[in-house]
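The following pair of complexes shares a single chain, chain A, combined with chain B in the former and chain C in the latter.
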Partner chain A sequence: MSTTNADLGDPTELSEDQQRAVEAQLFRLADDELVQAERYTFWQVRAPTLESDLAVSNNAQDELGHARLWYDAIQQLGYTEESLIYESDPDDFQHSTLVELPFEEGDWADAVVRGYLYDVAEEIRLAALEESTYAPIRDRTDRIQGEEEYHLEHARSWLERMSLDDDASERVQAAIDKLYPYALTIFEPVGDVESDIEALGIRTRSLDEMRADWAERVDSFLTEQGFAVPTDTEPATPVGRDNDHTDHWHSLHEEMTSTYRNLGRDTATRLMDEDDE
Partner chain B sequence: MSSDYDRPRADPDATACSYTDYDTKERAVGDVPATGDDAEGLEREVWSQLYTVEDPEMPVSIVDLGLIYGLELEDGTATIDMTLTYSGCPARELILDDVEAAAESVDGVDDAEVQLVWSPDWSVDLVTEQGKESLREFGMSIE
Partner chain C sequence: MTMDIETVKERAGSREFNPTDDMPEEYRKAATRMLEFHANSEIMGAYLERPFIRKAPSIERKLAFSAKVQDEIGHGQMLYRAAESLGIKTREEMLDDLANGDGKFLNCFHYPMESYVETPMIAFFVDGAAMRRQATLKKSSWEPYAHAMDKICFEEGMHVKHGESILRELMNGSKREQEMVQEAFEEWWPRILQFFGPSDDASTHHDFAADVGLKTATNDELRNSFLNRYMEKAKNYGLEIPDEPRIRDNGDGTYEVVEDDLDWDEFFTVSKNEYEGSIQQINGRREAQEAVQWVRNMMDGQTTAGNSPKPQAAD
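Now for the complex of A and B:
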């Protein structure tokens, strides 16, 4: 391994500070993927073609799978699925506010642009985790990268086609203007723990470096398609990473956990209990 | 909220179910996949049982799909390293249960535990020749 930092070892070997930093990296990964998936499901029956219904459903399932991989890694540190998702206060989540915004009916351009901005960021972030000093993070990146490639291809191909139509172009441009500041929140820090994440080699690139890389790639591709990119924008507020969210997230979390609550659950039931075999 | 980045901690005494009782070794060592070619005795019997477990969506053994990355037997406990073809696999619990049950069905194995590993990443290249043949018969196009 080419990293100069020492391998952090097993989850049980982490010092308190190391664990805090590992958790801070894992929470944003898990929460981003979960909430992105929850929002994608809106389009499963509303996308403009049967093929895109399928594509969006697949993307949502992929993101849920990735969320599960990251939440699994968090559970190795002593958490449970119910405490992480179903019994968590909505303000405990640290996803970027980009992924929690609701869609307006009919605004397919929003879904395409959002997917594109998110997936470019995702690709850059995963590359910065490939050589993580924390094995449970490092070992999950391959699997996820393989499944993410298709998401980007899907988004790019829609953007290319939409750029050829005047009405569609206008809607794409409106979505870029609206979503770009929210996408910038992906690269906002969660707090002072951010410097530990870099110092320990949990992630090998800084948020600033990743944001610059992202901005360049997004700008270059979208400009090529004839769109204007508001590159001098500040990140939107609230940013999400600092646990401050829009009201839209509170409603979504309410909806997401409603069955769990209505049934009076206190555990996230598994398909089969150990004792049932 | 106790700090900017704390999730409320779970009950530290909570007992994890068999699948959250994760082993921390996430990277399979040695060549993958493992197929038990050289196995003898009890180990061979465990491999024979693993071969009977099929993917829920295709009539192909999970061993021939290349999903088993390792098997260790110690004092009647079988530890199986296994991966899945897809991170969002909805049949995950079902497959893991089937694999544990298959290994435990062997006389001399008291307990079996599957450790889910994600590295190296599974790809269709890991499917055995027998597996490829079965997939072709199933109607899939495999080179």
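Now for the complex of A and C:
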């Protein structure tokens, strides 16, 4: 698909309106990935087997790496990691509430279903950013896509496997029923800036189109595995995208930033190339 | 025909034996005990550090903690596999024993870690100590053990760098940060010295493991090697070595730690998994494992029934 919109150029060349739209797109990407990663790390040293522990750690690190890429793009617009994460008000985050819900101990079905619903949305979203008029988004999209494909394959494989077991199927169905409305919040607008995101070609598809695509793919795969999908449901509230979050997010943010606060830090460590762990 | 112990002792050398050799039970049991202890320690070390993935004060530190914890689970996986190759215990049996409190693991992982300033005590000092021991195990007579050490030592080297980087940052931080680290260091230092176990004359398992080449350095040699390098490093970062336990410098690269200054009652309580922290760590991990027992049951059922769609991908 060729874009009819002009390339937006360097971060320094953006007009005020353009920057506002670029930021809105970047914040939803960065915050989603960070919080999804943060919740994945819950399963480290808690997954059912050593092998699944390694796999879930991979996902967490991939998402963290993506969050870092998106936050870097935001920092090109004059922000810092401190102001974006560690000193930020939790209500300034714009991630979907799907990613902030806590896991119950042992609820591996939630982890698998959440990963699946999120990764399908992620794949669709990245495809809509491939031709973005903003180069820092385009370039990063390309780097991220390969890894997301693997996440999706992994989630699908678990779902196929769980669909063959009665107990596991019940748990998966409960997770679908609980998470589906939250997953719909991924496609909620961040505000009136949404129309600029499309008009400027920062993203080449509308939220409605992407949601329809997502709903169809999710429905088709899950139905094939014998699950019921609550397709007529409304997005859960709070939606997150409008800065309104569940209390779970506030406590998670509190814990994530506790060391930074307790040590009285004013800078977040950048390791750069000094030692590449 | 099973090799007799005398032949084992004669041939004992670096990577001398592998699963094609018919090793005597005594050797296989001793090797299993070492490998199982080592593997368990990887898992329990990861369990201790996991809260700091979330609490790390930057995205890059968070990534490093997540990667380190993942590496440790990977090391556990490799070491259990090397242990299984001895035919004494299966991985399931070893993991079950770890959950029910029968599995033994390193003393330092029995103590709770509350604050981020404590993380370099593990990631720099304990991992640094472990590196000393592990480097010598590349010459272990059980080839699968030595082979696992090649990869593990490489990754452990990265972990020590990560720990050192945190220590350096903290010791270059505010006065308050430096004081907190010093306090943590004083608390952890005796445990770190005990990492190497009692001095050679008091160690019980040493003789056989050394005679058959499973172990290639003594507790005293390893402790000296650690002290030579890490006391210096600690001082360079501005840490003060506590006056007690007393450490006598023999002036020839060797040291004597005054054993009476260390709490060996506590050490032996810890090594029997009976310390308060031991119970807390073991039970915490066991509860997390029991909560996902249903997933393992499902997987076992599918392996037996042979109806798993893509078992290799879904793990």
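To be clear about the criterion, the second predicted complex is superposed on the first by the 270 of 277 C-alpha atoms of A that agree within 3 Å, B and C clash if a C-alpha of one lies under 4 Å from a C-alpha of the other, contacts with A are read in each partner's own complex, and residues count from 1 in each chain.
Everything that follows uses one rule, which is that a residue touches a chain if its C-beta (ideal position, glycine included) is under 8 Å from a C-beta of that chain, and two chains touch if they have at least 3 such contacts.
It should be emphasised that the depicted structure is a prediction, and the values quoted were computed from it without experimental measurement.
Trainee: Considering only the touch criterion stated at the top, classify A:94 as touching first (chain B), second (chain C), both, or neither.
Mentor: first
Trainee: Is A:158 in contact with chain B, with chain C, with both, or with neither (first, second, both, neither)?
Mentor: second
Trainee: Of the partners chain B and chain C, which touch A:47 in the superposed model: first, second, both, neither?
Mentor: Only chain C is touched by A:47; chain B is not.
Trainee: According to the stated criteria, A:243 is in contact with first (chain B), second (chain C), both, or neither; which is it?
Mentor: In the superposed model, A:243 contacts chain B only, not chain C.
Trainee: Would you check which partner chain A:86 touches, where first means chain B only, second means chain C only, and both and neither mean what they say?
Mentor: A:86 contacts chain C only, not chain B.
Trainee: Name the contact category of A:167: first (chain B only), second (chain C only), both, or neither.
Mentor: Touch partner of A:167: chain C, not chain B.
Trainee: For A:256, is the partner it touches chain B (first), chain C (second), both, or none of the two (neither)?
Mentor: The answer is second: A:256 touches chain C but not chain B.
Trainee: A:139 contacts which: chain B (first), chain C (second), both, neither?
Mentor: In the superposed model, A:139 contacts chain B only, not chain C.
Trainee: Touch check for A:193: first (chain B), second (chain C), both, or neither?
Mentor: first
Trainee: Chain A residues touched by both chain B and chain C?
Mentor: Correct list for chain A: 61, 64-65, 68, 81, 270-271, 274, 277.
Trainee: Would you pull the chain A residues touching chain C in the complex into a rising list?
Mentor: Within the complex, chain A touches chain C at residues 34, 38, 41, 44-55, 57-58, 60-61, 64-65, 67-68, 71, 81, 85-86, 105-106, 108, 153-154, 157-158, 160-162, 164-165, 167-168, 171, 255-260, 262-265, 268-271, 274-275, 277.
Trainee: List the residues on chain C that touch chain A in their complex, please.
Mentor: 43, 46-47, 50, 52-64, 66-70, 73-74, 76-77, 80, 115-117, 158, 161-162, 165, 169, 173-174, 176-177, 180, 285, 287-292, 294-299, 301-302, 307-311, 313-315
Trainee: Which residues of chain A touch chain B once you look at their complex with the stated criterion?
Mentor: That would be residues 10-12, 20, 23-24, 27, 61-62, 64-66, 68-69, 72, 74-76, 78-81, 83-84, 87-89, 91-92, 94, 135-136, 138-140, 142-144, 146-147, 190-191, 193, 242-243, 270-274, 277 of chain A.
Trainee: Looking at the complex, which residues from chain B come into contact with chain A?
Mentor: These residues of chain B touch chain A: 1, 3-12, 14, 16-20, 22, 24, 26-27, 86-90, 93-94, 97, 100-101, 116-123.
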